[in-house]
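As written, the chain order gives the labels A, B, C, D, E and F, with residue 1 at the start of each chain.
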Amino acid sequence: MFYHKKKLQFEAKPDAPNPLYANYIQELIGGQYGEMSVAMQYLFQGWSCRGEEKYRDMIMDVATEELGHVEMLATMVARLLEDAPVVQQEEVMKQDPMVQAILSGMNPQHAIVAGLGPRPADSVGNPWSGAYIIASGNLLADFRANLNAESQGRLQVARIYEMIEDQGVRDLLSVLLARDSYHQNLWMAAIKELEEKEGSILVPTTFPRDKERLDIAYDLYNFSDGEASKDGAWAKGEALDGQGEYKWVKTPKPEAKAPKLKPVSPRMYGTPDLPDQVGFMKE
Amino acid sequence: MFYHKKKLQFEAKPDAPNPLYANYIQELIGGQYGEMSVAMQYLFQGWSCRGEEKYRDMIMDVATEELGHVEMLATMVARLLEDAPVVQQEEVMKQDPMVQAILSGMNPQHAIVAGLGPRPADSVGNPWSGAYIIASGNLLADFRANLNAESQGRLQVARIYEMIEDQGVRDLLSVLLARDSYHQNLWMAAIKELEEKEGSILVPTTFPRDKERLDIAYDLYNFSDGEASKDGAWAKGEALDGQGEYKWVKTPKPEAKAPKLKPVSPRMYGTPDLPDQVGFMKE
Amino acid sequence: MFYHKKKLQFEAKPDAPNPLYANYIQELIGGQYGEMSVAMQYLFQGWSCRGEEKYRDMIMDVATEELGHVEMLATMVARLLEDAPVVQQEEVMKQDPMVQAILSGMNPQHAIVAGLGPRPADSVGNPWSGAYIIASGNLLADFRANLNAESQGRLQVARIYEMIEDQGVRDLLSVLLARDSYHQNLWMAAIKELEEKEGSILVPTTFPRDKERLDIAYDLYNFSDGEASKDGAWAKGEALDGQGEYKWVKTPKPEAKAPKLKPVSPRMYGTPDLPDQVGFMKE
Amino acid sequence: MFYHKKKLQFEAKPDAPNPLYANYIQELIGGQYGEMSVAMQYLFQGWSCRGEEKYRDMIMDVATEELGHVEMLATMVARLLEDAPVVQQEEVMKQDPMVQAILSGMNPQHAIVAGLGPRPADSVGNPWSGAYIIASGNLLADFRANLNAESQGRLQVARIYEMIEDQGVRDLLSVLLARDSYHQNLWMAAIKELEEKEGSILVPTTFPRDKERLDIAYDLYNFSDGEASKDGAWAKGEALDGQGEYKWVKTPKPEAKAPKLKPVSPRMYGTPDLPDQVGFMKE
Amino acid sequence: MFYHKKKLQFEAKPDAPNPLYANYIQELIGGQYGEMSVAMQYLFQGWSCRGEEKYRDMIMDVATEELGHVEMLATMVARLLEDAPVVQQEEVMKQDPMVQAILSGMNPQHAIVAGLGPRPADSVGNPWSGAYIIASGNLLADFRANLNAESQGRLQVARIYEMIEDQGVRDLLSVLLARDSYHQNLWMAAIKELEEKEGSILVPTTFPRDKERLDIAYDLYNFSDGEASKDGAWAKGEALDGQGEYKWVKTPKPEAKAPKLKPVSPRMYGTPDLPDQVGFMKE
Amino acid sequence: MFYHKKKLQFEAKPDAPNPLYANYIQELIGGQYGEMSVAMQYLFQGWSCRGEEKYRDMIMDVATEELGHVEMLATMVARLLEDAPVVQQEEVMKQDPMVQAILSGMNPQHAIVAGLGPRPADSVGNPWSGAYIIASGNLLADFRANLNAESQGRLQVARIYEMIEDQGVRDLLSVLLARDSYHQNLWMAAIKELEEKEGSILVPTTFPRDKERLDIAYDLYNFSDGEASKDGAWAKGEALDGQGEYKWVKTPKPEAKAPKLKPVSPRMYGTPDLPDQVGFMKE
C-alpha cells in the first residue's frame, strides 16, 4: 500500500528548456538501467521476498525511493520541453541553424504523442519493458543484479552530466549520482552479509557441488588466440570461492563427437531423406 | 574472426525425448539470462574493449566458449523433441493422459515453426532480444553485469536440474553448473582486480565525488514503514567505499516544493486553460 | 515522493495453491490492461498534468492506489505458487493426471526464472511494455483512455472470477471489481465535467473546426456490403456534438486518382526503370 | 473478403518533399494510435462480433475505411521522401545547414531499409505491434477503446497540423480530422445506445453487483496528500451509475496485515532459511 | 481504397470446437509467417511500388486476397473456441483428464482477453509485429522475401494439417495450401521475369560490380572444420550469375591485424587508462 | 564449438570519425537483415539440420563467417565514434552548425549507454530480435529465407555505400557487397540442387498435392481493380511447377456465406444477447 506526497524530495528545475537534453534524460527514465527499471525490479523483489524481514523492509525502502526518482526525472523532462520550438516556420528554420538542430534532433513523440511531456521510453524511443528486470526469489543473485543496475545507472548519469551544461539539470544529476553511490554501497554490503551467512560466494549457494562437473569448474578455456588472458587473477592461484585452483587451458578439447540428429517424422515436413521419403503420404 | 569445430565440447544427449523438458531448456538458450545473452553480451564487450589487452583477450575467450554452449543446448532441444507425439490422434489422446499432457504442455512453435528444432526464444516463447545485454565501455560496470548474469544463469540451471529426471540432460546441466561456477569465480576476480587498480568501488570510479551531493550519499531512507531495515550492514558503520558512514534516516523529508508545470503553447492542444484558451485559433 | 505501508489494503490469500490460477492472475498484473498499466498510465498522466490542481491530485490518488493493487496481486501469485509440484517425478506423473495437467499448464518461468514468485508479464509471458500506456497532455483524451482501461480491466476480472473456484482469490477479485466499478464511475464523471467546461465533445476541443473537412465530418461510409449499419444511432439524426446530422453514404466515392509515384534517385537502388537505369553508375 | 480500388478516397500530395514531415506522418501510420491500429482493432472486433448484425456491419464499414487511410498516409510518406538528399556530399553539407538538419533528423530506415518508402512503424522507429489493439468480445468495452483511439488520433493529427506548413499535407490532415470527428461522434452514439439497452454503464453490465465489494465501490481514496481531489464531480453526489453516492476517503486504511510468504521447496533454490537449509541436498 | 464483402471466399467451419487447435491456428494468423504478415508485407510493397503498373496491380491483388485469409482464419478460431470449457469445476477436472488437458493447454488470453475470439498474435502469444515484414522499394529483393514467406507459410500449414484431425479445419487448410502453392508459383515467375529484364540475379542488379571486392566474390570459406561443404554446387564450376567460378577456400586467412581501439575522451567514463586518467577531473 | 582469431578477416578503419555514419552502420549490425540476423539464422539452421552432412557443413561455414562480419562492423562503429563531440559546449554549438547537426543526429545511446561503442540494435535503436530469424527444419524453405536475407542485405549495403563518402568505410562495404554477392550465388545454387533432388519447387515438396484444393491452385484473383496484373508471367501459360496453367480470374467469387458466430457462455461476459441474458447470474 503506497502513499504519495506532492513535494519532490529534490528539486527538478532546468535553467532553460532544451529538447535535446529532455531526450537524454529519457534514458534515465525508461532505459534498460533507468529509474523505472530499478523501481520495478526492487518492487518485484520485495513482493517475492521470502527471507528475513530486514531484507524485505530494506528492498521496499529503496524501491519506494526510486518511484520518487522517476517522478523527479519526469518533471524535469516536462520542464525541458516547455517552449520547445515545435511549430516549424520555414522562414525561421532557414535563418536559425540552432532551431533547425533542435527540430531535427528532438524526439518527435515528445510533441506528437505526449504534448511536451515525458514518455515511458528510453532515449531512442524504445518503450520500457518488463524484460529489463529480474526478481528471482534468490536474494544473493538479485542483489548482484541490483549492484549492476546501480553501477550502469551511475555511469549513465555521469555521462549525461558531461554532455550538458545546464546547472539546474546538473543539480538533479548530482543527487542521482549520490544516491547511486549509496545504492552501490548498500547492495555491496548486503551481498557481503549474505555471502558470509550462506558460507559461499557461488549462487545458488545451496546447490550441492558434487553434482556439478568439478573437474572443469576452475578452467579458463583459451578459445581466442593470444595468451594475454593467462595473466589475469582469474587464471592462476586459489579461486575466490576457496575450493579450487584457477587453471588456464591453452587448447580446449572436445569431449563429444559431432552430433548427428535423427530424422523426425515425415509428417513434420522437414527436408526429405531421399529417395524414400518424398511422396511418403501419396500411397 | 571465428572458426567452428564440429565436435561438441561436452555431450548433449538425453536419455529419452521429452517435449516439456525441451521447453524448459529454451530458457537457457534464449531467456534473459540464457546462453545467447552471455555470448552476445561478452562479444559486444570484447569488441568495444578499449582497455588492457588481457581483458579483451579474456572476454573473447569466454564469449567464444558461450557460443559453444548455445550449440550444445540447441542440440539437446533437437534431441528432446525427436519422437514427440505431434500428430494428434483422438483415440490415443482419449486413452493416454500422458500423451495429452505432453500435447497440451508442448511449445506449439517447436512443431509448427521449427519442425522439432530449437527456437531463439525463451520458455514462454519470447524471442531473444538485444535489450537483454549491456556493453557500456566501462569494464568494472560490465563485469558486475557479467557476475549477475552468471549468478542468475546458474540459479536457473540448478532449478531445471531439480525439475527433471533425465540423466543425459542432467549431465549437460552439471557441465553448465560447473562453468557458471567458474565464471562467477572469474568475474569476481576481475572485479576485485579492477576495484583495486582504480582505487574505488563506485562505478564510474573516475567521476569526481565533489560533484555529487555527498551530504546524502550514505543515507538509507526509510520509505517503507517498519524499522527492520535499520538492522542491516547497509545502515550503520563505515561504508564499504571507506569514504563515509552509513546512516538510517527514519523520516525522509522533501527539499523541494510540489512542482507546478507551466502551460505549453496552445498549438500542442493540451487541456485548455479556460476560458481564454478555447478557440484560440478561431479568430 | 512516495511512502510504502507494509499492510495490504485488502487481503490476498488463496484457499489453496494453484499454478494455473497463478498464471491467470498474471494477466491482471502485467497484461495490456493489468494493474501495472493503469498504475503507470496514471502516474505519467499526473506527472505531465498542466491543468487544474484538482485533476492532478485526483490522478495521483488513483495512480497510487493502483500501485497497491499490483502489490496485492503479486502477493496472490506468490501464494498460489507455493507447494507447486515443480519437481517432476515420473512415477507420480504417470499415476496422477491432475499433476500432469498442472505441470503442462504451468508457466515455466514461474519456477525457472522467478522461483515461484510473480512476473512482470501477462498470462502468456509477454513482458509488460511501456507501449501499453498513454499520457498525452490532454486530459479529456486521457480520461477516455482511462475509462477504456477500467472497462477492459473489470471485464477481465469478471472472466477470471468465473474461471476459478477458489474463494480466497474471488475475495480479492470482488475488491478489484468494486474498485474498477468506481473508477469507471470516476472517469465518466471527470469526462462529463471536462466536456461541459470545454464546450465540446470532440478531442481536442480547441482545434478550429473550420480547418477540418466539415463536408465529410458526419458520414458513415458503407464500405462493407449489407445495409444493416444504417439502422444505428450513428447513421441518422443530429450528431451528439450538436453541430451536424449523421449521414449514411451507401456508395463511398473516391475523390482522387490512383497515385503514381515518381522514381527516386537510382542511388537508392530501387527497381530500375529499364533500360536506361541499369548500370547507371558504370559510366 | 476484400476488394481494392486503386483510386484514393482523398488526395495525398504534399507541396514539396520533406523528410522530417515524412517521419512525423509515420506516427499516424504505425504509432500506438495510428491508422494501422484502428484498422486492425476494428477488423478483429468485427471478426469476433457475436452481437446484433448492425454492429458487425458498422464495425466492418469503419475498419475497411481505415485501411484506406493507411494507404493514403503511406502514399504521402513516399511522396514526402522523393528527392530527399540522402546522398551525403561533405562539401554541400558544410555549406548548407538546411541539408545538414535534414540529414541528421531524417529517419535512416526511410533510406536504408525502405528505399524512400513508408515503414510499418512509428515516428521513432518502433515497429507496429499487435499489442496496441483490443477486441474483447464485449462491444461496450471495445467501443470505449475505439472512442479513446479516435480521440488520441485526432489529437495527434491536430498537433502535426500545427507542426508543419505544407498545404498539401494539411489538406490530407483536414480529412483525417473530419473523419476522426465523425468516428468520435459514432462511437459515442453506439456507446450511448448500448448503455441504455444493457441498462448499466459499468462494463461488463451483466456481472452481478452483489458479488463485488459494494461497500467500497464508490470511494475515492486520498492516497496523494493535498485535498484538491475532493472538489471533483467524482467525490460527492450521486454516482453516474445511479446506484450509490461518491465518497471521498481522507485516510484510506488497510484491512489486511502485512503479508508473510511461506518458504518454498529448497529445490527452488531461493534464499536459504539458515542454518538448516544450506546444503539440504548434500546428505 | 478498400471494400469489404461479408461472404467468406471459402468456408471456415470446424467439425467441433477445440481450443488447442484454435491456438495452432493463431500461428497462421499472427505468426512471423502468418497471414497478417503477408497481407501487410504486400500492402506496403504495393503502396511503395515505383515500378511498372502491372507489378503494383498484381501485388495489390494478392495483398487484398490475404486480408480475406486473415478473416477466414479469425472466423475459424472464434468457432474453435465456442463451447470451450473455460469455467473450471474441480469436480469435473478431477474426473475428466481430457478437460484438464484442454484447460492446461488452452491459451489463457483466448478466454480472459478476447472472450473466446481470435488474437492478433502467434501460437505462443507474441503480438504480431511490424518487424516481421519488408518493403524495400526493390521488387526483386522483395519478391524473394515473398517467395520465402509463402514457402514458410505453406510448410506451417502442412504441419498443422498433420497435427489435427478435424475435417472442417482441414478443408480450410487445403485452401491455404493451394493458395500458397499458387503464390510460390507466382513469385517465382515474377522473379524470373525481373532477373531476365534486369540482366542479373544479384540484388541490387544495378550496383556496379567493379566497386565490390570481386577477388573474393566467389569463395566459400571453410570456417567449420570438415570438408563436406566442398561437394556442393556452390563450391565449384561456373557461378549462377555467369560472371565467375565458385571456389572452395580450405583455410581462410585474415587480411587485417587485430584491431586496437583508441581510448575515448575520459568524459565518457570508460575504463580508465591508469594511472594518469583516474581523477582526471579532480584537478 | 568455436574458436576466435584476433585478426580481422578484412580491414575496418574509417578515414575519419563520423557519428552519423556510425548510426547507419548499426542497421548492418542489428537490423532485420543485418549480420547478427544472418549469423544467428544460419547457426540455428545448422544446429537443427537433419539432412545430408554437406548442407550442415556449408551452413556452419557461412554462419561462422557472418560472426566475423558482426565483429568487423562493430569495430567500425567503435572507430567512427572516436572523437565524437559528445560534450556539448553551447558556445561551440552556436557557432558551428556542423557540430550541431552531429549532436542532433547522433544516436544518444552510442554515448550514454555504450560509451562510444556499438549497440546490438538497428539504426533507429530497436534492439535485435530473435523474431527476425527462421530455422524451420526444411532446408529448401530456409535457403529461400537465406537468399532473401542476402538480397535485402546487399541492397542496404549498396544504399549506405552511396550515402557516405568515407573511403575506409567504403572499403569494408565493398567486402560485404562481394560476400553478399557470393552468398546470393550460394543459396541459389543450393536451392536449385534441392529443387531438382526433391523433384518439385513447392515447399514442402513432400506434401501430397491431392490433399490441397488443386482447382484453385493456379488462379490469380483480381481483387484490385484494373487489369494490368493479367499481363504478367504469373497469369498465363504453364506454371513453373509444371503441373498446371496459370489463370487470371477477373471477378473472384465467394464460396461461403457470411459467417454468423454462435453466442458463447454468458460467463465470458461478451455483449449480452438481450433481453434474456442481462442479469443471468443475479437469480
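Here is the rule we go by: a residue touches a chain if its C-beta (ideal position, glycine included) is under 8 Å from a C-beta of that chain, and two chains touch if they have at least 3 such contacts.
Just so we're clear, the structure is a prediction, and the values are computed from it rather than from any experiment.
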Review point. Among the other chains, which touch subunit B and subunit D together?
Key: A, C, E, F
Study note, to complete from the structure: For the copies subunit C and subunit D, the interface residues, called same if over half of the numbers are used by both and different if under half, are same
Revision key, fill the gap. Comparing A-E with A-F, the one with more C-beta contacts is A-F
Check your understanding: Which listed pair, C-D, B-C or B-D, shares over half of the residue-numbered contact pairs seen at B-E?
Key -> B-C
Exercise for review: Could you tell me the distance, in whole angstrom, between the mean C-alpha positions of subunit D and subunit F?
Suggested key: 27
Check your understanding: So how far apart, in whole Å, are subunit D and subunit E when each is placed at the average of its C-alpha atoms?
Key -> 26
Study note, to complete from the structure: subunit A and subunit B have mean C-alpha positions lying a whole-number Å distance apart equal to 8
Check your understanding: What parts of subunit B, by residue number, touch at least two of the other chains?
Key -> 1-9, 32, 48, 50, 55, 57, 60-61, 63-64, 68, 75, 78, 86-87, 97, 100-101, 104-105, 111, 113, 115-116, 121, 124-127, 129, 131, 134, 136-138, 140, 155, 158-159, 162, 204, 207, 211, 223-224, 226, 252, 254, 258, 261-262, 264, 267-270
Practice item. Could you tell me which shape the graph of touching chains takes: line, ring, star, complete or other? Key: complete
Point to revise | Of all residues in subunit C, those that touch subunit B in their complex | key: 1-6, 48-51, 55, 86-90, 93-94, 97, 100-101, 103-105, 107-109, 111-113, 115, 121, 124-127, 137-140, 194, 197-199, 204-208, 210-211
Point to revise | subunit A-facing residues of subunit B, complex | key: 5-12, 32-33, 46, 53-58, 60-65, 68, 75, 78-79, 81-83, 86-87, 111, 115-116, 126, 129, 131-132, 134, 136, 138, 140-141, 144-145, 147-148, 151-152, 154-155, 158, 161, 174-175, 177-179, 181-182, 184-186, 188-190, 192-193, 201-204, 207, 209, 211-224, 226-229, 231-235, 239-241, 244, 246, 252-259, 261-262, 264-265, 267-270
Review point. Which part of subunit F faces subunit D closely enough to touch in the complex?
Key: 20, 23-24, 27, 31-32, 97-98, 100-102, 104-106, 122-126, 155-156, 159-160, 162-165, 223-226, 252, 254, 261-264, 266, 268-274, 277-282
Review point. Of all residues in subunit A, which touch subunit E in the complex?
Key: 155, 158-159, 162, 226, 258, 267-269
**Study point:** In the complex, subunit C residues that touch subunit A
**Key:** 1-9, 30, 36, 40, 43-44, 47-48, 50, 57, 60-61, 63-64, 67-68, 70-71, 74-75, 78, 113-121, 127-131, 133-138
